[in-house]
Amino acid sequence: MTATTPSAPLGDDVGRDLVRGVCETLGAAADTLGDLDRRAGDGDFGTNIRTALALVDENIAADDPQTYRQWLTALFMGWLGVGGTSGPLFGMFFRDLARAADDAPPTAAQLAEALAAGQATVQRYGEAEVGDKTMIDALEPAVTALRGALEDGREAADALRAAEEAAVQGARSTARITARRGRASYVGDASQGVIDPGAAAVALVIGAARAAVAGGGSPDTSWIA
Amino acid sequence: MTATTPSAPLGDDVGRDLVRGVCETLGAAADTLGDLDRRAGDGDFGTNIRTALALVDENIAADDPQTYRQWLTALFMGWLGVGGTSGPLFGMFFRDLARAADDAPPTAAQLAEALAAGQATVQRYGEAEVGDKTMIDALEPAVTALRGALEDGREAADALRAAEEAAVQGARSTARITARRGRASYVGDASQGVIDPGAAAVALVIGAARAAVAGGGSPDTSWIA
Amino acid sequence: MRRSIVNDPGDLVPEALEGLVLSHPRLLALQETHRLVTRRERARDKVGLVSGGGSGHEPLHAGFVGRGMLDVAVSGAVFASPTALQVLEGTKAADAGRGVVQIVKNYTGDVLNFRIAGEISGDDAIETEIVLVDDDLATDTGDERGPGRRGTAATVVVEKVCGAAAEEGADLQQVAAVGRRVASAARTMSLALEAGTHPGDSAPQFTLGEDEVELGVGIHGERAARRVPFRDADALTDLLLDPLLAELGLARGDQVLAIVNGLGSAYPLELQLVARRLHHRLADAGIAIDRSLVGSYVTSLDMHGVSLTLVPLDDELRRLWDAPVRTPALTW
Amino acid sequence: MRRSIVNDPGDLVPEALEGLVLSHPRLLALQETHRLVTRRERARDKVGLVSGGGSGHEPLHAGFVGRGMLDVAVSGAVFASPTALQVLEGTKAADAGRGVVQIVKNYTGDVLNFRIAGEISGDDAIETEIVLVDDDLATDTGDERGPGRRGTAATVVVEKVCGAAAEEGADLQQVAAVGRRVASAARTMSLALEAGTHPGDSAPQFTLGEDEVELGVGIHGERAARRVPFRDADALTDLLLDPLLAELGLARGDQVLAIVNGLGSAYPLELQLVARRLHHRLADAGIAIDRSLVGSYVTSLDMHGVSLTLVPLDDELRRLWDAPVRTPALTW
């Protein structure tokens, strides 16, 4: 485990590890997340994830990314090749992550600001607020927790662990909400009791980022169901 | 009653009387003839007759015919404005009658040749033979009888009376035939026992010609049913 | 249950013609009495072209009146021939002093009324020639004395090349000859998944089982000789193409004009799939689709089906096909 | 029971695009990976024009690629937006160095993906402008914060005039401005007698009673806000026309461009009746239908219905409308 300060660049391989971690974690959870979308949405989220990951793989194979930005570009371009609402929103979110730094790996502080920028972008395009039962319900607390932890002087991996916890917390809280945005809003109270799959996916992404920075430890997925 | 030889022109008003007689006779019989077509055809013959007669009336009103040819032209052009098979066939038949002579009324011999030409035209276009249960079954015997009577030196009205009798005879005989041409051929044996309406119409036309030449005596229609 | 956007069905044809002409005020004019659609500016010093037939096949024929194609279209009621008088008036209207070619789809009523009109127009010293279109391979019985093959989508090609030839200044015989050349070389096969419905009626002209396809269907809702099992777009296309290729005896290196024609309610995605298969098959056979049309040109009300027409091409036909045309339904 | 001429429904869009491009080899080219239909000869030194959206609306959009209209059309699955990546590649393909106008029908997914593609294409230093088409009067709720009116048949007019302006050499802002001018002035009303059926499905997207008409229907099989009693062609036309006239506030002496648009399986006779009534009504009101299109241009699979679009015309729009165009679906 590497200990880094907010202003020190994260490890050289953080881009690669982050992207690989996101792909592995989301790939493993795709069926479960698709089921959630089936129960309170239109059921295509699992397919959308798989399509995105296949495109990311293609991009990696074609472009042989080396730098952090190249790795994240392979990720965000893959997601932009996907339909539904999650494709463009995750795509633009990852694009902001890609822009965290120039070619070098970002610092923890830059990563936090990039996550905040990503949240703002998702909200600019998706117009969702906290409480609408969307990915914002996981993203907003994660960004807040990360910034707070870094301001408190906690080291990068530790701060990301706090962000992950907040994201999981936020995602789990969506089970208590009736959706107001996205396809899930069409099913009304039937979405009660079902975790928003996009929010859960965000929590896994933050978990994958934590793992990449911390140098290991796949995100827990047992809470999703 | 005017007595005329085959080579003497028929009366000055023969065109007018012939056309008016055809229109009155067919108009009066349209319902009955339509019924026959309903029983052994597609049922539109009555409508076709009415449409034709209305157009003939329009032509007469518009063109104010004076000569034999002008009167007959109003008649044939009216029939050519009608659908179905009877429209064009009667139209072309009457066109040949119109061409019996130039502007003067035809002689009885010319009228006979014109009837024969009309029969040939109907057969050229319709490809029906005697026995096919069509207007030819009335027309052929009428033409034969007329020519024969004139050759025998009988006067015009008398010869036309013979033609009328032959036509009625021919038309009535169609009740015993199963149709092989025209719409009636589609109904098969159901046409048995039903007089062919086109053949009946031809008999009425010859009767109207006889009346025009003889100066009176509407054709009998009681045999049609 | 089927319904139509229609007023009194008895007024359908005159009302629709009026709508067409109002929509093309610079191109078309209407002669109401005989239901003639003519060019707004009558052509001068060229062979005239008249066509027509029953309605329900739109855009045929009135949609092909204009520069480079028909001078006059004569409309009968739905699926019924126009009368001889209508055709006569249409023939007169098409005449510009150099004679008139009458383009007629091979149906008893149409042939009768056009022939009669041609004969009578002689009274007005108008020379006429009939070009009979009889491309429908499904009705090729080989019987010399039968009614012969029906006329379908090849009519568009005949009207186009005759129109171009007339515009170029060809004489009556030449225009008729090139039309006959197309008519005798062209063949069409059609199929339907669902019959059309007469305007105002609530049921289609015939019904098919879930697994049935009407192969060799006509454009008047006539039943076809064969019903075959339903299959996918490629296989349906093959059903049309195989007999056409067998009949036309095309060889590697030959060039054809192809029409993928919707019969009414086939939609563009469907026609594009048929076109794709056609291109693949002919490419494999080494036959070049040098020109093509994909769309609904000769229809049968809202019949759901498609027809495939192939016409072997040579330099003259290609030149006439490419010549400029401006009509409501075909413009280049 | 409904059936389609289709292979694997999942392959429908790429196969149909292939069929389209094979049928127009001199006009179009296909970029398969992102389902782009482009001009065969890329235009140079002009503002680029890209449009697109879900499939099932053919000939929109790919049928309007060609000289004087679109440079690139981007196709999503049936009724689904293309992805941001597809639009991005389409935008790049449309760029000839003078920026790209993106013409987008106002649906959440389309707007999202086009906006994103516009933003990202900035990474390649491509300037973009979005022209949003939102002509569907039936969805005019007056609610500022709602999704706004849907985009329907006015798209054809926007694509045509933007295409002509770009061809004339107008700059990015000018091309976008004229498109926005049309979009803000145009209004459309639609109705359906029968919904469309997804390729491969056996039932239409919704069913109507014998006496019902869906008034204000969308082009994705969305149900409309109102069902009204069935009536004849003139009265159906009035249902569309009355609210349009009320909204547009046209005055005696005004001139309009009108589109009588079939939604899929409406057949020409039906559209001609609607056109006729439209002409009569506007003539009575002293409004000139200076230009018009009657046909199926923006469809919803095989939906049986019709839409009416009115666009007030001025000299500039008329000139741009009249400018030459050569595309599969619009040529003059």
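By written order: A, B, C and D. Residues from 1 in each chain.
Keep this in mind: contacts are C-beta pairs under 8 Å (C-beta built on N, C-alpha and C of every residue); 3 or more make two chains touch, one makes a residue touch a chain.
It should be emphasised that the depicted structure is a prediction, and the values quoted were computed from it without experimental measurement.
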Ask   = Which neighbours does chain A have in common with chain B?
value = none
Key: Gap in Å, rounded to a whole number, between the CA centres of chain C and chain B   = 37
Key: Centre-to-centre distance between chain D and chain B (centres being mean Cα positions), rounded to whole Å   = 60
Query = Between chain C and chain D, what is the gap in Å from one C-alpha centre to the other?
reply = 29
Task = Using the contact definition from the top, classify how the chains connect: line, ring, star, complete or other.
result = line
Inquiry  = According to the definition already given, which pairs of chains are in contact?
reply    = A-D, B-C, C-D
Task = Report the residues of chain A in contact with chain D in the complex, numbered from low to high.
result = 55, 77, 80-83, 85, 87-88, 91-92, 95, 125
Chain A-facing residues of chain D, complex = 76-77, 80-81, 83-86, 88, 109, 112-113, 115-116, 120
Note = The chain D residues in contact with chain C across the complex are 1-8, 12, 15-20, 22-23, 55-56, 58-59, 63, 193-194, 199, 202, 210, 230, 232-234, 236, 260, 264-277, 279, 289, 292, 294, 299, 301-302, 304, 306, 326, 331-332
